[in-house]
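For reference, the structure discussed in these notes is given below.
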């Protein structure tokens, strides 16, 4: 029972992805920051235990859980059916859209998935974005990077001009790509994201759900989300 | 141990593994050939070029040999783009691997060139051969034959090191593995399978190299000894 | 008839070391010159200067009409006319005997493969090694290797052959094989300069003996001069050398 | 008095190559056996078999009471009784002369350092190299190195010494030094088997000459047998060897 | 939100990360050295089974990309040894295994470069196998082994960069993190490369110097 373990050792190990701005990143002092990190602090505080951040990359999030590297994952961890087969999710504590965004070059006039046939589209390997883009953009030429940061770097440096990722990533890109900013062309999906945990941890899940519900109600989660992504959370989060 | 092994989940992905392996071999093959040419020319330049050429080659070799391939891959992939040239990840990977293995080839071939005794060159000079002819017939060919085992090892290492290019979206074997494990969530099994594929690839590559040696070096075929 | 080789007051230094100090001699067409002298007296260096393997500090060397000291010298043309054989054979280990011999004719004279092979057969027969054409150097004895080296030079049909102690790495029996080939060449009218320690051979074959001492030609004359040395150095050398 | 070494019908093959084909001989305590024969006749191999460096296919070898062919042979015990010196010295290059000599006594016989040093002095004196104790092998001439190798073996106070062409890498002068040491040993009553090419030495020192040919003992007898060979092979060997 | 540019702060951050790179290299070298020595002993030892096992081990380690090895260890440790294993141990274990495979082979070559006659001479002096090894062979092999060992150290330092893929923050990962926040890939990775060069180049030079010395002495 992970909850008992956490309480016993007085410390919770939360996996975060520092390569996924603005949810997880480092600040100017190279300290971890981002909405997920803030939310993780909230969770640790609510449980009354110390927080230990475990760094993971996108593709490593599920293995990190399954192999016990971390107790829970808070890394813009979108809920989807495949993942639910192997791990559990709490209620959502945020949403993330999957969009196709493009600059003025290739894909500038895209309005539907077929318009992207043969176009190079960057995404993050193994993420929900990857799965969604693979399913919905069968004709596109998907270019998969290991983490969001590398994707952003690729977009900023001009290695690719079209992305299938979140609006937050697009914002991060545009800060560095003033000459030819990306705009959203197609919304592929709106996904809730939630805390990931191993299956069968019902006590922990209940506890976390309570923490989320409370902090949604008191507006703390929305405030954090707003602070980092620039938009408030929707009033009602989709069910997970 | 709470983990149960399940390799069957990977079965449907065998074509992906296959294509990943094919791309890995392609990357290595191109880098091997190109790196060999670059390295050999550099070795000649370092042995016999003007002081400027020598200095440039020396700097190239030292910089490459003393920095990680991972960093070289990033610099080439993003650096080239920053200059405004867009290359595909595969091409960038090939360039990076070529640049990398070229430096190592240069060092190995140089050792081979140095092992050719001066008297061999003098003998060829005295027979009236021109400089390029001497290089080709008397220096480079036997030198390559001598260092062939080292070259083989280096190119097998290159094939293994090409796994790094997954970081810049080249869809080679390791990239495929990363993608499959995040689809199946069978990380450990995936990496075991991929590890075995790499092992097989390295045996295949060694086999191919020794077959090539058998065909190319007639003397070795006949006498069974190395130079 | 002008001489094939003519050295005039040749000086050669290695840094501070004066190896040749005014060497002059001539060899006529068809002549066989044996160069003798103590170790370090500059014999090899003189030979190497003749073939432009070393540059000289002073003096002139004329070989088959080429001015060797001239900076504009066409070395490759010179070397078509001059063959040289070294003590250490210097065969190419990665090539068969035949390939060793064919290399220069095909590369330098642009002779076709089959013609070159023909040529290789001829010269191999000349040195008595016809059956070794497909062997690699390491499969041959020292004497056989040396004879292949001679054949390789002969294949270029040089006007002048230089031999630098070609027998001193060989045991007496193998030496005999190589000397026989050289005798045949001399009888065939080839102009030759040979550095040798084999006094008996020099006496027998040479039309001219050149005794070098301390970087100079100390004494020169016909083979018979070895029996009646004029200088005490040569007397001493002949006495101890045999 | 039983023999120190007794070979009986020893067979030794390297793969298909039959190197020893039924070798039998004995050496008495205090005897000096000189093994002679052409290159490749199996002399070194016989010596190596005696010291269990090679296993044998058939026959028996008894050395100082050890049954060498026996799989349960205690090799270390055997080697305490047998010293061997090779053509190529095989000194340990990273140790000084003294350390080379002290190594085995301290390691094997557990003798104290100072006692071992004493011992080293003694054997070094015996081979006439007292002043070289602190040198490294590469600082010595070939003959000196060979004498150190002998001293190193002597320090183990073996009952039997084997010498394998210990002088053939040396020039005549150095050879003389080493032979002198061996003569002294023979005079001191050491049992020895020596493979040698020095017929004169064999004649002078050996109590018994063993002529090997094609992996067999072809002829054996006292030193004088060299002057009156019974077999044409030995006659031929003695004739050409000198 | 203004985007910061590359500053001294980042250099300092990289310098700290470089210390981790050094630490990881040290773990890998020491661990790999000990393990590699054992593997090497098994590889040249008298036991047939051990010899074959060691040889298989070496072939597997040398035939698998370090990246895959690291992934396997990272997840493998968690599976078999339970959770909570810090990344440094996974990275250290992976690099240790990697280094042991290569060092074992390098050292085997050096030991075999000691002439066979030295073994025989030692054997004929009745030394035990262990004494032969420690008193006669190893001291000689050590001299030969130093240059290639130092040379391999360079490989280890460079290859610690791969630990970044399992989230261990060393020099390469630090570079990635900085790049996340400032997006100047070219500058960042050039500086990272310079750090590696500053560590590796002196080692390379040292190795070459040793090699030259050995060649001169061996002549």
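We call the chains A, B, C, D and E, going by the order they appear; numbering starts again at 1 in every chain.
Heads up, the rule we're going with is that a contact is a pair of C-beta atoms (placed from the backbone, for glycine too) under 8 Å apart; a residue touches a chain by one contact, two chains touch by 3 or more.
Predicted, not measured: the structure shown is a model, and the values here were computed from it.
Listed by label, the chains that touch chain B and also chain D are E. By count of C-beta pairs in contact, B-E exceeds the other of the chain pairs B-E and D-E.
Most remote chain with respect to chain B, judged by CA-atom centres, is D.
Using CA-based centroids throughout, the chain positioned farthest away from chain E is C.
Distance between chain centres (mean CA atoms), chain C to chain D: 47 Å.
Computed centre separation for the pair chain A/chain E is 36 angstrom, with centres defined by C-alpha atoms. With centres taken as mean Cα positions, chain D sits 81 Å from chain A. Within chain D, contacts with two or more other chains are made by no residue at all. Multi-chain contact residues, meaning those touching two or more other chains, occur in chain E at positions 75, 79, 165, 185. In chain B, the residues touching two or more other chains are 3, 78, 82, 166-167, 187-188. Chain pairs that touch one another, listed by label: A-B, A-E, B-C, B-E, D-E. Per the touch definition, chain B reaches chain C in the complex via residues 119-120, 122-130, 133, 137-138, 141-142, 145, 217, 219, 222-223, 225, 227.
Residue ranges of chain A in contact with chain E, taken from their complex: 13, 18-19, 21, 25-30, 54-57, 60, 63, 67-70, 146-147, 149-150, 152-153, 156-157, 175-176. Those residues of chain B lying in contact with chain E across their complex are 1, 3, 62-63, 65-72, 74-75, 78-79, 82, 156, 160-161, 163-164, 166-167, 174, 177, 187-188, 191-192, 194-195, 198-199, 202-203. The part of chain E that touches chain D in the complex is made up of residues 115, 117-118, 120-128, 131, 135-136, 139-140, 143.
Against chain A, in their complex, chain E makes its touches with residues 1, 3-4, 9-10, 13, 74-75, 78-79, 82-85, 87, 165-167, 169, 174, 176-181, 183, 185.
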